[in-house]
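In what follows, chain A forms one complex with chain B and a second complex with chain C.
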Partner chain A sequence: MQNVLTKISGEAKFELLIFLALASIPLVFSGYILFILPQYMLFGLLAVSLSILWGLTGIISFGQAGFFAIGAYAIGIVVKSTFLMNSAILGILLGIIVSAVIAGVVGYFLFSAKVKATYFVLATLALSIIIEQLAKSQKEITGGWNGLFVDRISISFGDLLEYSLFNDIPMYYFTLLLTTIAYALIKFLTTSNFGKILRGIRENEDRILALGYNTSIYKTLIFCVSGALAGFAGSIYGTHAGFVDPSLARVLFSTEVIVWVAIGGRNSIIGSFLGGILVASLANYLNSITPEYWQLIIGIVFIAVVILFKGGLAGGLEEIYHRLKSKNYVSARNP
Partner chain B sequence: MELAASVLLDTTLITLTLALAAFGLAIIYGLIGVINMGHGAMLTLGAYFTWAGLQLEIPFVLSVILSGFIVGFIGLLFEHWIIKRFYNSPYETLLLTWAFFLVTTELIKIVFGSDFRTVVNPYPGSIDLGFYKIPTYRTLICVFTAFVILSTGFVFFRTSTGIKIRAMIQNREMASLLGLNISLTYKIIFGFGCFMAGLAGGLVAPMLSVSPYMGDMYLVRSFFVVIVGGIGQILSGTIIGSFVIGGLETIVALFSDQVIAQVAVFFFAIVILRIRPQGIFSEK
Partner chain C sequence: MSLLEIHNLSKSFKGLLANDKICMELKLGEARCIIGPNGAGKTTLISMISGHLFQSSGIITFDGKNISNHDLVKRVRLGIGRKFQTPTLFDNLTVYENVELSVIRNNYSNFEKNAKIDETLKLIRLFDEKDVPANTLSHGQRQWLEIGLLIGNNVKLLLLDEPTAGMTTEETIATTKLINNLSGEKNLSIIVIEHDINFVRELGAQITVLHLGKIFAEGNYSTIENNKFVREIYLGAPDVVS
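This part shows the complex of A and B:
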């Protein structure tokens, strides 16, 4: 055990610690926090879905909320039409697949033409508005402005085992389990060769192209993964919140995700994940003490991060860690 | 014939109003390459300042001009303190101007409140052409827009300032070596773009209800006006882009509802981004 622990890196230890802490929270706390924390974990996943685009590949998307909303609507619509067995799992799968397909089609359409990075931002902005408008207007399917009520699902494995997520603790562990699996998969992806190529694209796309990699395929694939992850988080969110409405797809929500990732640290997966959890909880807390000023405070923090701390919280912590380890350490990010 | 004429007039009104709203964005995007996500907030600010001016019993025209100058000044400060350090990183300017939007919208909510305000139409009534009535105020706006675009064109193509700006777009280093003050020119262009946004916000205020999010509707459409028209094609591009975006929305809305029309326009704009990123009619 000791050997294993010394072998894994500092970051992996930190990640393990975070997930262990999340797993032990229901042992210590009870009440509201157990209800709300799963929601924040899903926001954390949504933040991760942006961070693999922005930090890893160097693409910004203003449309993550659109995919999140697709996931939430998918489970809502599937669960409502109760003619199916196992509709919950089907709903989650549908959320993932629809998001991934839309991301794939839009991504390939734009990347294959080498559309400029800033144009891609505008296209995703438009995509999220299209999704919002469709959610508002297709009343028969989505409930229009009024939204859609979604029941808490129960997961059944055959006839023997039925696991209802109606109570907070089962929902908490269900969300935590899925979040952990999704996180681990993403982590695996970023450390694989695929992740290395994406980093290469971020640093110098022409060079990767010259090495013989079809960069537009890689960018499309990561956008697909990102969309799928956002859709997945959205589908769990749908059943957790019990309610879906068009405001989930609004541009302001997409940009909130950008704020989480910027503050958490765009280059770090765990930083973004924590950014989602912490900034969303902070927003909730500030909203209760100063409802008028909290968005202003978060906006100013966002500006400060973009100007002064490009690495966000994770980058800052990393720097402190390295400074402590060696006095001669020269910051690589801010020379 | 009369129907065709009235559709033509209607389209002209929509095109020029949209062009007015998009002009400030086209200036900043086309000349210095900054995607100003704060453009919508600047329009909103202009509308609120105009409203406030009217509350202080300042005449409408003066209020609008003052709003333009105040928003232009705010833009200059923003450029001077923040944006000028990030001209070489498009993502950072995009994020910072978006942050400008977030902060400004919150400040507007704190100072003015979230409820709707109305700016009374200073020139009610309409011009009767026999077969069609054109609202007087909208006509004036369109005449003004045409004037602004033409005079910007004059400055751009017929004065030495215009030559300097065009030289700067073509080759920044070379223009700078020849003695052109690049950072000052950028500052002036950014300030002018913000001034135009504030002015446009004040001018469209009587046609809409003034609320903290009123600029959003124009923000994304303005981007597409600029993209469809072609970046850098500030004058003809803005008009063509507004015509395509505004016209398409009007035509689609005739056959279906407003929401579908917007979806169709955004979809069209994404397709244009892909197949003709240099603008719909411009040469490469």
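This part shows the complex of A and C:
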């Protein structure tokens, strides 16, 4: 028990450290990093949206990019077409709600029909392709192949105060704030009874069913939360990047999310979050120094991490930590 | 009043009659052993009661309700819990977390939850192992842990499929005590499928003998032991007609 307690608080301390570091970056650095890091934080959230499915519940989704694109298009379309005061907030909410509803409906039919994990993956893949095709074909709404320009939003509080996110530093802190809130909510969810039951589904679905839990409802709910989170990240991404196009919904992007999470550590929320940030930054950096080979290098890193640590970098670090602490440690967490 | 009533329950698999018009009653707090040679239909019968299989015909009544068409989850929530033939646990979670997963379905307060978990862990003699992952337990301990999951789940009827398989003699004795304690003090009804005839004798419960899907004999241990036909089909009497 003592071990478990120190481990939990250790992880929480680490998470606090990461968010404090993110908060202090604008005090130290300036320039491009302040522009690009919010985007990577949103990628981190996107990675978390997969980690609560894959790591926590044991379901893989190839459709996370689809939800991300829905969020981005939602804010783009709303900001463009309405003259409401709070069109930005409306856009973000719409991104969350549409993603959640689509995930909920798809999840409900697939899970209550007891579809196997493999077929679920294929269904999410198809979902992603459908979203991409819709984005391409509905030219009047989405701009088709050309995409959609999205203005940086302003958040207004009544008539008096308007907070523009046009500059990088306000955008940075706005994104960081929302990211932190979303992260904390997800963290709370994973430690709640709901999260424990999801872990039970991952470990042994037959047993959790035989304990009287309706697993299809739990799986539908977590898919819904995951879709909502991806849509949320996407909506902020839309206004941050200023541009949305159909490539956001591509299967290739969904696959990238899987790579981030596998490298970061699917069983760890903070590991996945950092996986999203670090692997996306690494990919960007490598792309600038060696445009021909960057994908190859990321591929090698991916394979190396998967072979060396089954639980990704987070799982590997945890294992090393426990090895150092006690030589009798039995790897329990990361099967 | 009977907790469980089974009336003319049959199950056929593509023409093969695995259970043929089984009738059975079980009172609150009663333990019952089901024995019979391989293929007698013991596990099929338990699966129909737990909701893992649906009957071809017949009626199951539990606690005064007709549950014949209830699905698995609904039956568990009424109080029917099942232990599988091979222990089915959350292998990578600790013993404590295993029991916790079964206890939290009851919407307890934190205090009640912890009390229930501790009580269950002590009952199944795994309190000292509570922080150990379930996959490091011995085979016998794993069987107990699975029984613990049913206790934590607050079931009224336990269906135990070969609870002593793979146990040492000491563990088997402890299991006998545990089952008697559960039916006697906790007033739970229990159906046990067993092959170990010593265990069946020690348990001292009423016995139902299944053979080719039918109830072949019923009674206490000495009645069954002295039944010539039971000896022939099950205990392996020397003078079996070839």
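To be clear about the criterion, the second predicted complex is superposed on the first by the 319 of 335 C-alpha atoms of A that agree within 3 Å, B and C clash if a C-alpha of one lies under 4 Å from a C-alpha of the other, contacts with A are read in each partner's own complex, and residues count from 1 in each chain.
We take it that a contact is a pair of C-beta atoms (placed from the backbone, for glycine too) under 8 Å apart; a residue touches a chain by one contact, two chains touch by 3 or more.
Owing to the predicted nature of the structure, the values given are computational and were not obtained by experimental measurement.
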Request  = Considering only touches as defined above, state whether A:Ala123 meets chain B (first), chain C (second), both or neither.
outcome  = first
Message = Per the contact definition in the header, classify A:Ser81: touching chain B only (first), chain C only (second), both, or neither.
response = neither
Task = Tell me which partner A:Ser326 touches in the superposition: chain B (first), chain C (second), both or neither.
result = neither
Inquiry  = By the touch definition at the top of the document, which applies to A:Val106: first (chain B), second (chain C), both, or neither?
reply    = first
Task = Of the two partners chain B and chain C, indicate the one touching more residues belonging to chain A.
result = B
Ask   = Now for A:Val115: first (chain B), second (chain C), both, or neither, which partner does it touch?
value = first
Inquiry  = One more residue to check, A:Asn204. First (chain B), second (chain C), both or neither?
reply    = second
Inquiry  = Considering only the contact definition stated at the top, list the common interface residues of chain A for chain B and chain C.
reply    = none
Message = Which residues of chain C touch chain A once you look at their complex with the stated criterion?
response = 50, 52, 72-73, 76-77, 81-82, 84, 88-94, 97, 100-102, 104-105, 131, 133, 135-136, 149, 153
Query = Of all residues in chain A, which touch chain C in the complex?
reply = 1, 3-4, 193, 196-197, 199-200, 203-204, 206-214, 330, 332-333, 335
Inquiry  = Under the stated contact criterion, what part of chain B meets chain A in this complex?
reply    = 35, 82, 85, 90-92, 94-96, 98-99, 102-103, 106-107, 109-110, 216, 220, 223-224, 227, 257, 259-260, 262-263, 266-267, 269-270, 273-275, 277
Ask   = In the complex formed with chain B, which residues of chain A make contact?
value = 60, 106, 109-110, 113, 115-119, 121-123, 125-127, 129-130, 133-134, 136-137, 251, 255, 258, 262, 292-293, 295-296, 298-300, 302-303, 306-307
